[in-house]
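Order of writing sets the chain letters: A, B, C and D. Residues in each chain are counted from 1.
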Amino acid sequence: MSIVIDGLVLGLQLALLSVGMVFVYGLGGILNLAHGEVAVAGGLIAALLLQGGRPPVVACSAGVIASGALAWFIDRTLLRPAYSRHGEERLILALILTLGTSFALDGFFTYRYPNVALTLRLPTTSVDLFGITVRTASLAVGGLALTTFGVLLGFLKSTMLGKAIRCIIQNEAGALLCGVDVDRVRTFTLFLSGLLAGLAAIAQGFFSYLGPDMGAEFTILALIVAVVGGVRSLTGTFLASLLLGLVNTTMSYWVGTYLTWIALLAVTVTTLLVRPQGLLAYWP
Amino acid sequence: MSPQSEEILLRCCEVTKRFGGLVVLWEVNLEVRRGSLIGLIGPNGAGKTTLLNVISGLLQPDSGRVEFLGRLINGLPAHAVVRLGIGRVLQIPRLFPHLTVEENVLVGVLFGRRKPPAREEAQEEARKFLTLVGLEGKHRERVGKLNTQEKRLVDLARALATEPRMLLVDELMSGLSLVEMERYTTLLRRIREQLGVAILWVEHVMEAILGTVDEVVVLDHGAVIAQGSPAEIAQDPLVIEAYLGTGAREVLGAHMGYAGSS
Amino acid sequence: MLEVRELWVGYNDVSVIRGVTLEVPAGEATAVLGPNGSGKTTLFRALVGLLRPRSGSILFEGVPLNGLRPPQVVQRGIVYVAAERELFPQLTVLENLELGAYCCPRAFQSRLELVFELFPRLAERRSQRAGTLSGGEQQMLAIARALMAQPKLLLLDEPSTGLAPLLVAELYRRLEALRREGVTILLAEQQVGAALSLCARVYVLKEGRVAFCGGASSLRGSSELRKAYLGGIGGVGG
Amino acid sequence: MNARPVLSHMLPVLGTGIALAAVPLFVRESGYVLRIATFLLMLATYAVGFNLLFGHTRQLFLCIGVLAGTGAYGSVLLVRNAGLNPVAAIAVAVAIATGLGAFLSYVGVRRGFGVLFVGIVTLAVSLIFQNLVLGLRKYTNGETGIVTQGLGVGLAENPVQAYYILLAVLVAALAVYQEIMGSRHGLALHALSDDEVSAELSGIDVARYKVGVAALAAGFISLVGALFADWNGFISPSLFSVGHVDIPVLIVLLLGGMRTLLGPVVGAIVFTIVDAIVRPFGQLTVLAYGVLLVALFLVFREGTVTLLQRGWEMVQSSTQRGQVGRGVAADEDGDPLSQRTNSRAKSPY
């Protein structure tokens, strides 16, 4: 039972990570391969601030905001030339630009901060919840993720900007005709995706640790979730995250890490082969 | 007409195509005889281009048969359909921007025929078709340098270079002036007479088509609503309704010459 | 209210609109008629900034619109209802309307009442997803969403497309009511009869040029319209 | 067909071969430089394959490392565990990798994947391969890797001989490339990389070309992979990871110029020099790769070879403006971002 809970919480963390990627793809037709590095950047800044003796809450918030700012910066600088193109050309250009960015950032982090890692230890390791032993880390991450999604959902459902995001994903032309400034919303979405990625990095800090070299892994995890969930569907992303989180924890419990990875990737490839549009493509 | 010219090249039987829940073609029947020039018209969204896509193998019909020279061709990939003798001219020309004008046509000569000619001959062939469409002297230019009219002509030459027995032409006239339209109509007539190619011509500029074609087929909402000579079509109340909408007849009735009929 | 002078618009090197000049007087409904491919949609897209004109000027209430992007045009009070409707299928009717009021959220409540009064059907379906509405209701919603932005000028592109004749009649009754409320309308239509029932002034486009312009009454009995749609050839039988 | 045109269109290939063949004469005393030069040859051959895949058929295969790794691990395991003789083992491994390349391409074509999905699927394949090698510890020794000394054809013993063998592979790849591009198939590849629908409507069997090209590229890549295993004396999964193979190859191709004959070679030379400079800084190489990739794609997307060609054409046109006329003049002010092919000067037919 505690494995299931761990799996679900891991799923929530995956969702934090991948929802941003899906947003950006849905809005801009850009797959941000530097997404994982954005998360790591936030985590590292939080870790550095912690080392400097700042209180954890301040350090973590600063890290999350830094992630958002980095994503915003990438949008305003590197992605400009990509936005001026359309269709497949934009996709390829953005793909290679963000791939390069991710390498540059990864190289920088591992070179400059090889030994910095973010770990957030909680006072107790596990608690008893309705007769089930649950790790406090799981509780913390679960709480963090659920709160975030609550806020995010509220934002999407009830603010004008949130609605604008949802409607651009559905119909960009329609949004333009309503007077939505698509360009600006797009930039804001990158910022938002950065914030979410930063939170995912903090969550990683609760679970175990976050090192400077984990960007690529994060990107790939987000990519897997996005593909399985159908790159444009939020509900799909959410469910795919939970599913893959469960698969991940149960598999690594029963068979070991390598096979888990292979299983995850096999799920991805199979999904692409059977339903290229993702599991829940026709769902909202 | 001689019995040979009566021979049916293409036959569509009950062709139906849906996109999701939307019916784009509904049991379309169509016959194209050897060497004939048929206009396919209809309002926006009538399914004209979809029909051409089904015939040329870019889309597969959901049901029904497409036969060419008595052979079932639905299920064949587009390149195989081209080699059987159905050329296609797209509405917006899609050329190969990194190749010269002549090389663009050469692609058609070398790959669109069942038995491609040897290299020197192929080059000559390509020039022959460029001359036919009036692009002689442009063969070494890169297609990116051409204007859209010239690009359309290159596309036409490329389609002709595959030695089709039937040419599918999609809205050649959009965005043209009357003088330019004249040029195209003359060109298409010449192609048909010189090469004996049957032409199925989708157009929504009615004026261009009605004076040129032998027969008109009218599509509306994916179904054939009328078929006949241009003069018959221009008077057909169903066609006028499809184009001008209900009520138009009442408004313009007096002038239309069949006031009160319904 | 809207003055278009010598407008040229095109894609790449093909000009679709070739020197169109037209005027839309405030408070009136004006129709742009013409067959498929005559350039109606291109004209509208240029008016709202989705396409950049090659030359010519667009004046709205005396102020030039050239170079503005769609959101800014909407803010000036020109709202475009595309033939494709461009709704947000997975949002509810109410949410679609809310987005319509994106530039003027404060006026939302008052506009909503007005729109529901005009289209009571939408009030009944306010929490239904837009994608599940019937074709007629979707068209109503598209127009209603445009009205939420407090338009001074409403551009309607083929609102009758895909609607049954009865629905077309109903739609035009609503449009008539709107016009009486003081909304200026510029309408592109294939359904000549319906358009003439609403509009006082008519332009007929043909191959990107104005082939006829004048009062609706002077069009009745004129052969221009028929020529534009069916060409000169069929005229023999008339 | 007479011999002259064949010779003249193979001239750049031969020239490259001769120039590179001279390298060992100059660096004989320095084993380190020869090693780097040998690695350069492999990189260039990978890039020739990737050029066919991405440059000419728009198949973004992010699994060049897997194809090379299949050649390497396949041949080594066949010798070690199945007792095959090295040459036969390499042949079998190359055949397997060729099949894998063709299969991946076929799946992509069949499902109608765009560049993005092909990229994602092949990236996933790369990760699966990594984890598979790690997981099958019993055969592969996992991360520890396998010492391949004495398992192969003996390239490790004689570095000069190894250099020439790999040079022969590169020249063969270039010759095959040039031969294809000079034939009617070259025209088909140019056409389908410009517009697949149009190519199909001109009668080109796009699917067959894509799968065929993938098989061919996979063959060359895996052959080099197998020879690398032997030459290097050691293989481990990280040597075939995306970061170690695919990214450098991507940079090499962008640096040299996509859809050109010599782009891969020129790119590999420039890349090797840059790499030699930044390598002492350890992790900074990754940073340098990244910055290079971004900078290249932003400002230098045409590649060195195309730029040189353009410059050459300009020089030519200014000296003989009268005869060349519009054709060349038109080239100069063309779209600066579009990539040109090297065979432009000749007819690609």
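Definition applied: contacts are C-beta pairs under 8 Å (C-beta built on N, C-alpha and C of every residue); 3 or more make two chains touch, one makes a residue touch a chain.
All figures in this text were calculated on a predicted structure; none of them were measured in a lab.
Chemist: Show which chains lie in contact with chain B and also with chain C.
Modeler: Neighbours common to chain B and chain C are absent.
Chemist: Where the centre means the average of the CA atoms, what chain is farthest from chain B?
Modeler: Using the mean of the C-alpha atoms as each chain's centre, the farthest one from chain B is A.
Chemist: In whole angstrom, what separates the CA-based centres of chain C and chain D?
Modeler: Centre separation, chain C to chain D: 55 Å.
Chemist: I'd like to verify one number: the distance from the centre of chain A to the centre of chain D, where each centre is the average of its C-alpha atoms, in whole angstrom.
Modeler: Those two chain centres are 34 Å apart.
Chemist: Averaging only over C-alpha atoms, locate the centres of chain A and chain B and give their separation in whole Å.
Modeler: It comes to 50 Å between the two C-alpha centres.
Chemist: Quick one: chain B and chain D, Cα centre-to-centre, how many Å?
Modeler: Computed value for the inter-centroid distance: 43 Å.
Chemist: For chain A, what residues touch not just one other chain but two or more?
Modeler: none
Chemist: Given which chains touch which, is the overall layout a line, a ring, a star, complete, or other?
Modeler: Contact map by chain: ring.
Chemist: Please give all chain pairs that are in touch with each other.
Modeler: Per the contact definition above, the touching pairs are A-C, A-D, B-C, B-D.
Chemist: Going by the contact rule at the top, pick out the chain C residues touching chain A in the complex.
Modeler: My answer: residues 48, 50, 69-71, 74-75, 79-82, 84, 86-91, 95, 98-100, 102-103, 105, 145-146, 149.
Chemist: Which stretch or stretches of chain A touch chain C in the complex?
Modeler: Within the complex, chain A contacts chain C at residues 160, 163-164, 166-167, 170-171, 173-181, 284.
Chemist: Under the definition above, what is the set of chain B residues touching chain D in their complex?
Modeler: Residues of chain B touching chain D: 56, 58, 77-80, 82-83, 88, 90, 94-99, 103-104, 106-108, 110-113, 116, 119, 122-123, 140-142, 144-145, 158-159, 162.
Chemist: Spell out the residues on chain D that touch chain A in their complex, using ranges where they run on.
Modeler: Per the touch definition, chain D meets chain A at residues 60, 107, 111-117, 119-121, 123-125, 127-128, 131-132, 134-135, 243, 247, 250, 254, 281-298.
Chemist: Name, in rising order, each residue of chain A that touches chain D in their complex.
Modeler: Listed in rising order, the residues are 31, 78, 81, 88, 91-93, 95-97, 99-108, 110-111, 114, 216, 220, 223-224, 227, 256, 258-259, 261-262, 265-266, 268-269, 272-273, 276.
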